[in-house]
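Each structure below appears as structure tokens.
Here come two complexes built around chain A, the first alongside chain B, the second alongside chain C.
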Partner chain A sequence: MKQFSPGWTLIRIYTILVYVFMFAPIVVVIVLAFNPKQFGIFPMEGISLRWFIKLAQNESIIDAFKNSLVLGSLTAVISTGIGILAALAFIRFEFPGKNTLNTLLLSPIMIPEVVLGVALLLFLRFLQQPKSFVLLLIGHVVLTLPYVLLIVQARLVGIKKEYEEAAKSLGANAFETFREITFPLLLPAILAGALFAFTISFDDITATLFWATAQNQTVPVKIFSMLRNSISPEINALGAVMIVLTVTTPLLAGYLSRKFSKIKD
Partner chain B sequence: MTTGKKQPIVQFKGILKRFGDVVAVEKMNFDIEEGSLVTLLGPSGCGKTTLLRMVAGLEEPTEGDIFIKGVRINDTPIHKRNLGMIFQNYALFPHKNIFENVAFGLKYRDVPKTDIKKKVTRALEMVRLPGVENRMPSQLSGGQQQRIAMARAIVIEPDVLLMDEPLSALDENLREEMRREVDNLQRMLGVTTIFVTHDQREALSMSDKILVMKAGRKQQEGSPEAVYNEPTNHFVADFLGHSNFIKGEVVGVDKDHVNVRIETGDVLFAENKGGFSTGDAVEMIVRAQRFDAFPKNEFKPVAGMNHFEGRIKDRSYMGGEVSYFIELATGREIHIISMMRTRLYSNGESVSVQVSPHHCHLIPLE
Partner chain C sequence: MKSDSWKPWALLAPSMSAVFLLLVIPVCFIVVYSFWLRAPSGADIPAFQFGNYGKFFEDFFYPKILIRTIRISFETVILCVVMGYIPAYFFYRSESRYKKIFLLLIMLPFWVSFIIRTMSWINIMGDSGLINHFLLKIGLIESPISMLYNEFTVLMGLIMYLLPFMVLNIYVSLEGIDKSLLEAARCLGCTEWQAFREVTLPLSLPGVSAGCLLVFVLTAGTYLPPMILGGPGNDMIANLIFKRVIGTLDWPFGSAISVILLSLLFVIVWTYNRYLGINQIFKSLQGN
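Up next, the complex of A and B:
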């Protein structure tokens, strides 16, 4: 049998190492979440849900969790609403300044989040308004809108204009056409966009650090502040919960969009 | 006007459409009679689809008015125009089944539920696809989808049926079959139809009237026979069928004939349909199928017929017919499509070519 050349062996080792360094910390966090002891020692002395129970009893974390859920859901709804309307305007209509406006709406993807975070704060200072939940919400909508817009636009391009024209010629007005034709055909993209928006909002830390107040902490911000005091195993449990949530949501989005896209054609 | 003719149902009055700086349709005046099938024919980009979309309400005319049943509809939104539209790519709603597709227009017309079912069933029978109500569009073939699209458009009993190249997405054999089907259905229902196509055969075989367009301008309107046999300009003659264009000068006019000296020096007779006098520069148009070719040594001239001599330069045998290119003494070539009433000629053979003055059509030289 032919032996692998040293070059190939190196590449294999390299690849394995890359994956180990990427995933090992995540695995460690999840594994340690089930560690009964205060300090993470290997081998673990048994398995326990102790830290999860403690987590469930920690009200400030529960509050942060609720905040994150509410924020994420509202962000998803508002972003998707604006995203649908903007996508319709960009794909179906011609108006002056269209390209500029489109670039403007997509720009938060390209701008570093730190800059975005500071900029919105400065703008708020300029308006002489206090930090609030609304600010956080507006910020998250700005952050997530580009993703929703890109997903919905891509789908809308694929929906032939003739469907809408046929519906109108048969007697449906603009709203009925949207309700009966465009919206159902767009639904997979809308769901996927909403789930992406939720995940991004739920996950965000950099910009949120600038916008959150003591009352409006989100889970990532809470974890960050807990880390500054001590490394409690509770954080591992919280991390495990976060990982499960943020991994399953986009997977679900992908699954849904694939399932619904079969209707097309 | 009470000329005894049927009332025009669609009227274009001074229609002009501009997209930015580009003029898509130029000052169009055109009437469509009730119950007729009118074809807008022309190469792509000639403005025929734009004209159709203006009737539908999908485009707004820049200038001019469109009337349907005597009412100006420029400002009537598309969904209130009661038109049936059929698209090139069928445009069946992919997320609705066939019943929902066909019933779509009835929902907006206050039709009772039981009647909806009856009407959909009958429409599907008319397009010869009964019983497919529960299937999805993607489960049907292209031809079947186009039939469903037809059912969906006719079930609402539209004032005008608009068809935008409805057959061009189908393959050759199916197209022929669907063409007859559209034709039969249209005559059966008697619904006024505007049919857009770039296919001259479709236009000639189906239409009551053809409007030939080029670069946004009307070139000619008339019955298929008129447009084919008496084209008013070079473009129309060239676009429809295989034509020979022979330049010449009118050297004499009598009651029956116009005598034209063509570029070879021969003088040919064309039927006198009026409008030409001695000295006019003209172009003589002769369809390739109108010539008859005979072996030179067996040819006996017939009084009153045009004839000249040439040599077979090139031939293509096509089974039922033969296409010859015949070189005249001056080097000019004439294209003949022969139905082979005599025999097959070989390349280089000398032949005499005969054509009746009746088939020599004159237009002014452009």
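Up next, the complex of A and C:
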């Protein structure tokens, strides 16, 4: 009944409008990427792939893509690795100062990325090291670690300790227990955490702009430097490629994991 | 199990050392650097003096930016609540088969780079953007009106960035409400509106306030929307930091501004935690 009341209709219209607001910029980027014209944005006259072709021929953009992919993958692996260990410590053990330490590990979420960017750069300057790929990597690990930790912890709480205890009582050592019991059960959260870490790293601009150099540009940094001249169809095309990449990856992963779990059943 | 007490520490060692080395110590460095001097040659001289802070509060130029940052952050928070509560409520009450898809869609912008979402407002509000094109076409205007590079567009960019956080926080706390409470209220003679006002709204406030804190903190620390969508008069404090550190390489002053920003956020988070507790925020982020 309530689904047809006038109040509910208003709520629906409002929600749809909010969606339009949220998605307009994203849709417009993708549409305009196919704009054949050199200048001006609207109106569009026809559809063309020329900007995508131009992107594929632009070596500095290809390099930025490679950088972003390597950086995102390494960030995901490292961040998830140390995140799993920390989550195990927080959920499976009791020790003094647990809550404080948990808050400390989650704190990068609440610290502005600008400050994080300046802080790490300043530290590097003090150590008299030049900006490098390693700086980007360790920076991104710090940025993504809290999210991985939150996701893995949430899942670990739901895995009964009894399973692990049963394995141990049957003679498995701690590592075997983890490999055979905890890890498989934790896998969806690990994948989700890794994907999340990858996307955050791949998309990040605020802190990355402090850490990147001309040799170590990521795609968002490249877009930022291209924006200096004003917006162009080429930027939109690059944006469209990024959107497709970062949006389809998690959707595909979700789909595949569901498919595989069905096969197992 | 006494002999096990070393195990959690071994598991925590990598992440703890990462956060200590890459976050705690560097932030301490900011504080130390903020007391240093900058030589005219550009070199940093170790010192203990408050000159950098003095420079910030010397005249109205910098405090005005600080106040603007706080004002814009509050505006963003309010707009996000206004725009975010109803969709969150819609997800909560909807019995549609597509509810899950709707929820997934609202999270989708999380996966799209901040810079793309920000710069795309130029596509929409620029002189030859979508809105101007539409208005010209229907003959409402003769020549394009310039809408970009003011506080309004900065706010648009900020909301675009932060609204999903708000919706998610509110939705998580709405989902936590026992639906039988609503039925009870209805049975006792409440109208739909009364039930909402007396039961749902108060019980969802923890999510609203958690969303507000998150949005405030993230707004106060961002520089991208003012940089791309704002004019010269729309700089926020993070823009100032960026300009000092990347532009003029004035590390001591940049550090001092960072410390001022951190102190502002610390006071807000501390007050919030004191009265409301901070864990709600992390609760909603787990759903991501």
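One rule holds for everything that comes next: the second predicted complex is superposed on the first by the 225 of 265 C-alpha atoms of A that agree within 3 Å, B and C clash if a C-alpha of one lies under 4 Å from a C-alpha of the other, contacts with A are read in each partner's own complex, and residues count from 1 in each chain.
Here, contacts are C-beta pairs under 8 Å (C-beta built on N, C-alpha and C of every residue); 3 or more make two chains touch, one makes a residue touch a chain.
On a predicted model such as this, the values are computed, not experimentally measured, just so you know.
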item	value
Contacts of A:Ser169 with chain B and chain C, given as first, second, both or neither	first
First, second, both or neither for A:Lys160, with chain B first and chain C second	first
Chain B versus chain C as contact partner of A:Leu185, first or second or both or neither	first
Comparison of chain B and chain C by chain A residues contacted	C
Chain B versus chain C as contact partner of A:Asp63, first or second or both or neither	neither
Touching both chain B and chain C, residues of chain A	none
Chain A contact footprint on chain B (complex, rising order)	56-58, 77-85, 87, 89, 91, 93-95, 104-105, 107-109, 138, 149, 152-153, 156, 162
Complex contact set, residues of chain C against chain A	4-5, 7-9, 11-12, 14-16, 18-19, 22-27, 29-30, 33, 83-84, 86-87, 89-90, 93, 95, 102, 105-106, 108-117, 119-124, 126, 128-130, 132-133, 137, 159-160, 163-164, 192-193, 217-218, 220-224, 228, 238, 241-242, 245-246, 251, 254-255, 258, 261-262, 265, 269, 278, 281-282, 285-286, 288
Chain A residues touching chain B - in the complex, by the definition given at the top	160, 162-163, 165-173, 176-177, 180-181, 184-185, 263-265
Chain C partner contacts - residues on chain A that touch it in the complex	2-3, 5, 7-8, 11-12, 14-15, 18-19, 21-26, 28-29, 32, 40-43, 81-83, 85-86, 88-90, 92-93, 95, 101, 103-116, 118-123, 125-126, 138-139, 141-142, 145, 147, 149-151, 153-154, 196, 199, 202-206, 209-210, 219-220, 223-224, 227, 231, 235-236, 239, 242-243, 246-247, 250
